[in-house]
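See the structures that follow.
In what comes next, chain A is part of two complexes: it sits with chain B in the first one and with chain C in the second one.
Here is the complex of A and B:
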């Protein structure tokens, strides 16, 4: 590498010049795009290594348990740079999402040392952390001897850092006093509106700005759709996953909570008059403008219908709409995005977040080596690589969101995505109250919602019954 | 005239039954030659331009999705299924046939209790035994090994072989064997040359059934082995990705994964019907 070229690479890595300027100067030196890219990678690796001994675990081999996901693909595509940087070897097992958490739970509960680190959702850490299966990562993040000086933990969006930390006290605030950092945010999704521009234009429907507008627009589309098209896709299966996307985002926007905490005891808050009002609106929206088999709808059906042109809109994860705008989906190129504020009286969107995170098994026999991988995988360099070249969206670092190349790519192919993100992200976090019965009680909430939508039980009565059942279970568990 | 009407009605009824049972399989076969776009169009249609892209993706190991190119390990999964199912059934037959003979021919202390205990393996929900089993497997070094999985698959195969073959030994009766031994042949020769050939339909039926059950198993490998040892039942889920469901490739994977059991069933058909019906009558 010539001295000049080295200087330009360092200038780009340090953010002193832009990418276009870098390309122009390298071209002036007669260096082509491919060679410039290789030089830049080398400079990035050197920059990453500055002031930190990445090679201290050279020769070691760690094993990861991963979910089959674009985040995993991005990591695998960039893994060689980690191996070069550290001299470590990384083995991994990738399992499909449908069975992934069964595998994680089995591995952790059997205290197997096979996997050193693994992917998890934040909700799962409420079970794994207090059970003693995870390492409190504060021990590493705050240890200057184990964490590179340029790791810049504070660059990770504050709501996400807080959402993956919990004291283990039922009802205690996420990221509050005494919290343990059970996982490191890796990639996340927030819940917004994704819509099919072509269909909305054809039906003469504007982009809804609130939940009442969404319900009205969906009902009109379903009515006029001739049985081949419905208004809005939302999840409906008997699972906790039905509650956490659009539903909870809207619920939180109406100022509602799942529980109230008094004197360390939890009380269900689903049966308040305001909550009942919200539930009535949601149920009516599904009845008049939702899919016919709503009660079977998961992430997959909601996304597939949008991509196939069977639904006009979804109120779900923003990245679900992102994926449906590509590949071999019939409606690729027609999907657009909008930040969504369900409550007309609310100040801003409040999307609930799903955060794919990295956690460390407490049974691991090489925790320091596992941490070396985790800080690399959640670091800025890999975040930039994934965001620019792969589908590692949404990034969890503020610096990656400011990256010009990433923003230009998204703006070009995903109209409105950046705007919806910028408007939604400040209010995006986990709006559930952390407690150990999360999966059971939230699944029961979804089951109640199903009975309301099928008119098996009126909304008010359904919520009263749900609150009674939840109260009983909380008492039995000693937390209500 | 009445006969003709009856024959036509019977033919129609048979055709209806055939369509009812075969339609899902035919539909999956058709899906395997379509892209996601044509599979998901509304309303569904039988007219489409066939493509071999799904089979190509499975055989070449790369799949194009909305989030880029993904690696597909389906052929490895298929190989794992063949290996696990055939070796498990082989071991079950090796252990189960002599045991079934012993239970059928000899009365010994706790004999029925032992036979029933072996049968009870089929009653226990796999999830109940999997966690303690994975602890032991970790200790014994059997976790994530084919040998360990084949051992665990005996929970599925051995009771089936034992109980089906036992009823066939009992049905065959001991007289022919006794006559053979009176001619001066050994007990072992009687077992090999008389008892086993007489019970062969039952052994074939039990072997095939055990193979199908082992082939369809999902949870044992999922919990006890790593990704490179997973069978097709787990591997097929890889087409359900965060960025969409690859329906065409799932259909092609189903078609490829039923081929081995279908070939085996066709081959063993003549023993299968006899073996299963005899076992059913005898209980």
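Here is the complex of A and C:
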């Protein structure tokens, strides 16, 4: 019976039979779902090991620095299969996002060898890479002796591969010539519209199709909401994180850029007439339809307001809407999703992407062992495990997005999410210009936006002052 | 003709003169040995300080290692023409003056009310300590919730008195008021404890004499209590001033220095420069300026305190 069951598991892993057929055959052998799952996991591990010596670092121990996140939870839940596959031990420290990047900066800048690999955002690699703190992972990806033949790097979505690679030349195209692969995409989020179906129906408001419509609908909801409900949640804290989600996605959709690059020098592009027009629209939308204490809003408040029914819509990370439709949120089951094209004249959505990635510390003393972990964690098998059994969304591999079980699960529990993703993903990438002053200048952009929304300064004047300050800082740094 | 020193056979005790020499040598080292721990502590303090000073004289951005180099006082010169720096200085000064001023007045008032020992007063003094035991960052989050316009109790109370549109920490016009309020809530008990201890240590005779002479209460307060309490007032003010000018946790947890730059105090700016912008040189220069301000204020307070002490001795 066990031999038969093993054959069925191998057939499923190799794609010769479907999951339904697999379940039927296992049931016929009298094997329950739990036992079948465990056997399937073992078969997957064996399949992964084919043609590659995963055990070459047996007995070694690596240490990871991780952010508290569902991606981390999925990895920890599946870690035993990695240990079984390699005979390695994996230790890790997990920190909440509020302090996570400070911890990373402290660990890397001290050249400590404590952590071998860590989670990072793509933007952070624009600091860590040129500082010499990261390993160019092309050295590993392109080395057949170090990377399993079935790793299939090309399966990772091309925009994400490009978005985590940079030459270090300020203003140079991401993934362009001479780029170093500073990180491996692990999971990502793009920005779209998530809305509360119940509230929109009750208020008699249709799903907005553009930014002017969103601004109008939000203002109406806030006006009619009786002080307890507002229209649209977007981030507003004094941080670069206020700019990168909905704001930059809309800005890019209107054809606007943060900088222009001429002769290797950067010039701010935030004070053009078109940019000013977009800012005016955005500012008005928040003033009339955003949260009253918008200037303190991070992703957390944006998400929880949607889940609690305090806001009707959010223009933010799609996975924020995903998580608010589950758990013990009050509005669970009421959240719906829509791909969002802010500019009525645009052809398609252009969501800016946030990519949680895995990077390797250049101070690590066991880089090969760390790479073994990184390729497992970013490989297809773990991606499938996370997507099917955990909340490892959005997956970064095309093959995982094609997986029937994953798609069926999402379609069942999160209606409209797949459609939103399929329409948004082709245009999703990082729309910022990579440059080493990213955090200073983008935080200053957020501070300027705060001044405009709180009417401390008119939009035109605020953007002129911002451009002036940015120009000065770029010149001081020798890149403007 | 040469004389050679007599040698002793091995195993025999040293003569008394040699013993004394050795003891004298040990005695000579003793003061150095005794001061060694203090010296080590000084080195422990000075090394980071000198490092910061050295970094402040460099262009040193971790993300742009190729630009690193010695630039002398350039960061400090840039500060002079940088409106953001002057804003930081102004915001830090306003925050310090507002918090220390309100806390001193409130602390003194409460300490005077609790001066006389009774069960109620002693219990109240213990209860008043509670905010001081709350971590400032936690207190900030609590206040952030209380001022949330959706469900915050303070936002609700403001709405009841017709100030429903009050934006608390979200508007530049009210952000300073809000963080000062939180700081006052957390640190006023510190003032109370210090001043209450001072009041209860004052000699009773002058107050008894004043009571027998029928001196009015306000005269007693202004001419007897406050002058006698002056060293305590000065100490409490010094501690709180130094703490306030180095404010970080409340401001960062509530607004990260915003909206705009409305609450961009020194420590928040230096923190952002280092941890987010990886600009080590500028961050260090900001901290050196903060150190200079703190040092100048400490000198001022200590000089005044010494003068008070000397005045007290002369009168005594």
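We take it that the second predicted complex is superposed on the first by the 475 of 480 C-alpha atoms of A that agree within 3 Å, B and C clash if a C-alpha of one lies under 4 Å from a C-alpha of the other, contacts with A are read in each partner's own complex, and residues count from 1 in each chain.
Definition applied: a residue touches a chain if its C-beta (ideal position, glycine included) is under 8 Å from a C-beta of that chain, and two chains touch if they have at least 3 such contacts.
In this text the structure is predicted, and so the values were computed from the model without any measurement.
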Touching partner for A:413 - first (chain B), second (chain C), both, neither: neither
Touched partner set for A:323, first chain B, second chain C, both or neither: first
Partner chain in contact with A:310 - chain B first, chain C second, else both or neither: both
First, second, both or neither for A:61, with chain B first and chain C second: neither
Touched partner set for A:84, first chain B, second chain C, both or neither: neither
Partner chain in contact with A:102 - chain B first, chain C second, else both or neither: both
Which of chain B and chain C A:443 touches, first, second, both or neither: second
Which of chain B and chain C A:228 touches, first, second, both or neither: both
Which superposed partner A:94 touches (first chain B, second chain C, both, neither): first
Footprint overlap on chain A, comparing chain B with chain C: 102, 106, 109, 228, 310
Residues on chain A engaged by chain C in the complex (per definition of touch): 101-102, 105-106, 109, 126-128, 130-132, 227-228, 237-240, 291-296, 305, 310, 436-437, 439-440, 443, 446-448, 450-451, 454, 456-457, 476-478
In the complex, chain A residues that touch chain B: 68-70, 73, 93-99, 102-103, 106, 109-112, 114, 228, 299-300, 303-304, 307-310, 319, 323-330, 332, 390-391
Touching residues (chain side chain B, partner chain A) in the complex: 35-37, 40-43, 64-68, 70, 130-131, 134-135, 138, 143-144, 222-223, 226-228, 230, 234, 237-238, 240-245
Complex contacts: residues of chain C adjacent to chain A: 61-65, 67, 78, 144, 147-150, 164-165, 167-172, 254-261, 272, 275-279
